[in-house]
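See the structures that follow.
One chain, subunit A, links the two complexes that follow: it is found with subunit B in the first and with subunit C in the second.
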Partner chain A sequence: MIQEINIALRNLNRQKKRSFLLAGAIAFGIMIVTLINGFSGSFVENVNENFSHLMAGHIFIEGVEKTTTGRNYYFISDDKILIDTIESLDLPLQFITKRSEFSGNLVYNGKTLQQNIVGADWSKENYFSERMMILDGSFDNMSEPQAIILSKEVADRLSLGIGDRMLVRMKTYTGQQNLGEFVLAAIIADPGLIGSMSAYANLDYVNQLLNLQTGEYKIMGLYLSSMKPIDTAADTLYKALEGKVQLFTRDSDDEETNFVEAMMQQGKEEEWEGLRYRLYTLNDILSEVQDLVNVLDTASLVILLVLFVIIMVGITNTFRMVMLERVREIGTIRALGVQKKGVLRLFLFEALFVGLLGFTAGLASAGIIMAVLHQINWGMDTPIFILLKNGHMTFKLLPWQVIMNLLVVTALTLLAAWSPARKAANLEPAHALRVQN
Partner chain B sequence: MRKIATVLILLMVMSVALTAAEPDFQEMLRKIDDMGNFADSDFYAEYTLTSQKPGEPVAVTKAQMFRRDRNEQFVFIILEPQEDSGKGYLKVDDNVWIYDPQSRAFNHSSLKEEIQNTDTKNSDLTSSSLAEDYTVTRSAEGTLGAFPVWILELTARNNEVSYAKIIIWVHKASSLILKEEDYSVSNRLLRTVAYSSYMKVGDKFLPGVITQVDNVAIGERTIVQMANPSVAVIPNDRFTKSFLERASN
Partner chain C sequence: MGIIELQDVQKVYQLGKVEVPAVKGVSFCIEKGDFISIAGPSGSGKTTILNMIGLIDQATSGEVLIDGRPTSKLKDAELTRMRHETLGFIFQSFNLIPVLNVWENIEFPLLLGKTRVSKAEKAGWIDHLIEEVGLTEWRKHKPNELSGGQRQRVAIARALVTKPQIVLADEPTANLDSATGEQIIELMKRINRELETTFIFSTHDAKIVDIADHIIRLRDGLITENVRRGTPVGAACPTGN
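Our next item is the complex of A and B:
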């Protein structure tokens, strides 16, 4: 066996150019697939992390009150029970955020633009202000109660400058018309996708516009120290809150509907008195992102298979040529006593080594490309910000994906070489020795 | 002493006389509501909403309204523009639905929603409930053009109506509203509405032309014109989701 391995390696060495070209084709396929796998691996993590910053939490609690006329009002009034329960648990909690938001029309100088406006207590959300890329103005201007931070796109569309005052027409939490006034404190780089839909203001003023009472707000966010324990922490909190407050069931009747949709449905269909709480997580909201990753993974596997079908044809043809070139050589080694299986193994070892060489080279080149791409700072104002980590592309390769790619490459390479190897093994030694090159 | 007593008596008599001269404004609101509501019949009309916004072409929306006020039901279905044809609003029980013929889906809406991004709300064209929703907190006499009017400030009784405060100019002789100002919760003027003509429909009076001026987005206004009103009986199936679905085909 070792002798066969040595001969196979020597044969590959004899035809360096051909071996490298074959391995290069395999390496290219592996590189592409590894890059896709690596990107999709970090995709969920980055999107979740960016969303957790935008939404100020990993676990969220909303209060819903049903009126006698069947309308649902969303607010949290007395959060003492919630806070006490959260603090009594051993959750990996970093901090709690309290936010209110509304969608309204910003009006300035005859121009109107619909905008989602988030109110936060900035004295307690320092981390968020540090993530904002301020292009003009200053975060210090937020000390003005009616200050607002807008993205550059929104400020440009309304032709707003720092210090300009604009009107906002919106509805209170009960749906009444209200009119407020904001002063532009800072302009931030558009953080892309969801970020472009949000402007940031002071919680107290947003609550005032929503006609909420002192101490009331709309959403509580729990910011955990890590993304991993979100679901476990949510389950623990849910169980701890059961019996203390009214809760929407974190369950859905069918697999198609996620918790959040199911809770919305409960809100429409069921009756209750007082405040009832919805508890949901970032994972519940972003379950569709995971679906997208699954699609990416499937697509990468399909790409791998298509690439390797093409490469297999090349390997089969090359090994057929190799066999024809070595007919006399095969006759000689057969005459020297090497069995059919030995010749078969010889060819298959050659294919295996080409495959392994290609796989290693592909993995290494993907690693180099990933490292280079990771070094590039795409900035906070890129449209793909939501997919990046602090402006950098990140890649995460799961071991099972690498092993699976290796197995696929090995199996397909051996399969491609199988037919020429069998033909070589079945050559009659006497006939083979008579063949003229 | 006798002089003081005389003055006091005079003041008392004057205040009684003044009180007697002031009508019961809550009753006036009920009368206004009754003027525009059809408790004993159905109501049908065609509406044209002409919306003007600075820098944008004039947008015209034509629609049909079917109302059955005794059951608090209505159907408002858009005929024009072509791209929105078939879109409609339906009120059944306490629910207001909006139907989108493109997606063939019904979604929850409300009486407070604007129609077709105009200054007109669903509630502007449905039955009136001023007496139920508002209390008269201030009143004054005045004139609007040549018309003697009562100027009434109404404050919302609950926080579910669109406007926290409205001021109406009510024609003294007919109790018809001639002008209305709508205010935000923060007490800022949002919209001014002029009722420039009324049409007699059965034994009721409804505004024939309403001009709604946006006081926030300066230059924006919507003119609502009513045509072909009728109090004939409307088939029951009009007030159903299936009617909106059929009508959009």
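Our next item is the complex of A and C:
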């Protein structure tokens, strides 16, 4: 056996170029697949983390109040019961954010642009300022009550400069038209795919525009210390709140529709009264991201299979050639007493080593590429910002994926070499020895 | 005592629809420890007969007995095992394993069987054989760094490493110049005397035939002469069966 391995290894060395090409093809396939695996592995994490920053939390609670006239008002007026419940639980909580937001039209110099505007208490959400890439102006300008931070795209489209004042047309929480005025405090880089989603203002002023009282707000965000326990924490919190307040159900059995949308529907479809809370998580919002990752993973598996069908044809052909080249050698070792099985093993070992060599090389080159890509700072203003971690690409390879790829490669390589190996093993020694080559 | 006996052996090759009778009913007996030459012109059936004795080819009819044991009904695995245990092979074009060096080529058959010898004993024996064939300086060289004569010496050592009872050599000198060829035959003859290994070699070179104790001449798949130490001998083994 050891001698078979030894000979198989040396045989590989015999036609260096050929072995190299075969192993190289396998390495290429493995590299591509490993890169996709690595990318999709950290994809969800990065997207979730970036979103958790933008949305200021991992678990969110919204309040909906139904008036006697049957209209829904969205706001949280008294959060004492919520806060008490949260504090009574042992959640991995870092802090709680309170935000209000509305969608309105910014008007400047005859130009109008619809924009979602988020109001936050910046003295409490100071971490957020570190996340923003300020291109112009300063975060300090937010001390001005009517200050607003706009993305570069929005500022450009309205031709706004720092210190410029613009109007905002919007509706109060009860649906009355209202008019306000903002002053541009800072311009930030577009935070990627969800780019011009939000502008940022002070909570008090946003509340004022919404006609909410001091202490009232629209969304409570629970910022956890880690991404992992989101769902368990949400379940715990939901159970604890269930007895104390009215809640929209969190069943997301329906795979078809988006969970959050479904919860929005509940408000309209069901018969209910008074005050209800809606509890949802980042995972609920980003379930589509997970879908995307599943697509990526499936795609990588398909790529692996397609690449390897092609590579397998190469392996089969190469080993057929190898078999023909070595006919007399096979006859010789058969004469010397090597059993058919021994010849079979000799070929399969050789194939196995090509596979392992290719796999190792592929994994190594993927590692190098990942390391290089990770080093590059794409900055905060790239369109793919949301996929990155602080502007850097990150990769996360799950061990089972690597092992799975290894098994697939090994199995397919052996399968590809099987038929030529069988032919070699079944050569008639007398016949093989007469062959001149 | 007969170590090999062929009883009315025939071999017909099938070339498509054409049947090629290569050996047409051959019987002879080979004595243990003899130095035998199978001589004959090209196409007379020398290789075919050696292949049947060497259990790498099977007779169409008749029986080949090795050490008194009939072989026509044996399965491939069993034949392979017998080849390994009782036979050594020397080929016309040397057939060394190109990726192994001299020492490793000679060692190769020892790694195949089930019997395990101690490392030191094995190494000592291989070194001894290398010395015997005069290649001590070349032990780490690969076959492609050796001359034809040297390669055939490696092959001789390899054939002897398992201490087989019989060594078969199909035209071992055909790819060598006549002086080297004669040296190879001399070497084989010396080992034959020293180790009492039965050697059977085929040749169509009249000059080296006469060195043999026992000469079997073939023509068109039939024996034309069967002489041992100057005396014609019968087809069957005297004490065998």
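What we mean here is this: the second predicted complex is superposed on the first by the 430 of 437 C-alpha atoms of A that agree within 3 Å, B and C clash if a C-alpha of one lies under 4 Å from a C-alpha of the other, contacts with A are read in each partner's own complex, and residues count from 1 in each chain.
FYI, contacts are C-beta pairs under 8 Å (C-beta built on N, C-alpha and C of every residue); 3 or more make two chains touch, one makes a residue touch a chain.
Note that the coordinates shown come from a computational prediction; the quantities given were computed from them, not determined experimentally.
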| message | After the alignment on subunit A, I want to confirm one thing: do subunit B and subunit C clash, or do they fit together? | response | fit
| Touching partner for A:G180 - first (subunit B), second (subunit C), both, neither | first
| query | In the superposed arrangement, does A:Q146 touch subunit B (first), subunit C (second), both or neither? | reply | neither
| task | Could you say whether A:G70 touches subunit B, subunit C, both of them, or neither, answering first, second, both or neither? | result | first
| query | Given the superposition on chain A, what is the angle at the CA centre of subunit A with arms to the CA centres of subunit B and subunit C, as a multiple of 10 degrees? | reply | 150
| said: With both complexes superposed on chain A, which partner does A:S129 reach: first (subunit B), second (subunit C), both or neither? | reply: neither
| said: After the superposition on A, what does A:T112 contact: first (subunit B), second (subunit C), both or neither? | reply: first
| request: For A:G342, select first, second, both or neither according to whether it touches subunit B, subunit C, the two together, or no partner. | output: second
| task | Return first, second, both or neither, reflecting whether A:L433 touches subunit B, subunit C, both chains, or no partner chain. | result | second
| request: Tell me which partner A:E329 touches in the superposition: subunit B (first), subunit C (second), both or neither. | output: second
| note | When the two complexes are superposed, subunit B comes to within a least CA distance of subunit C, in Å, of 71
| query | Which residues of subunit A touch subunit C in their complex? | reply | 2-3, 7, 10-11, 13-14, 328-329, 331-340, 342, 428-430, 433-434
| How about subunit B: which of its residues touch subunit A in the complex? | 54-55, 94-95, 108, 110, 112, 156, 159-164, 182, 184-186, 188, 190, 216-219
| request: Please give the residue numbers of subunit C that touch subunit A in the complex, ascending. | output: 47, 51, 54, 56-57, 76-77, 80-81, 83-85, 89, 91, 93, 95, 97-100, 108-109, 111-113, 158, 162
| task | Report the residues of subunit A in contact with subunit B in the complex, numbered from low to high. | result | 67, 69-71, 105, 107, 110, 112, 167, 169, 171-172, 174-180, 209, 211, 268
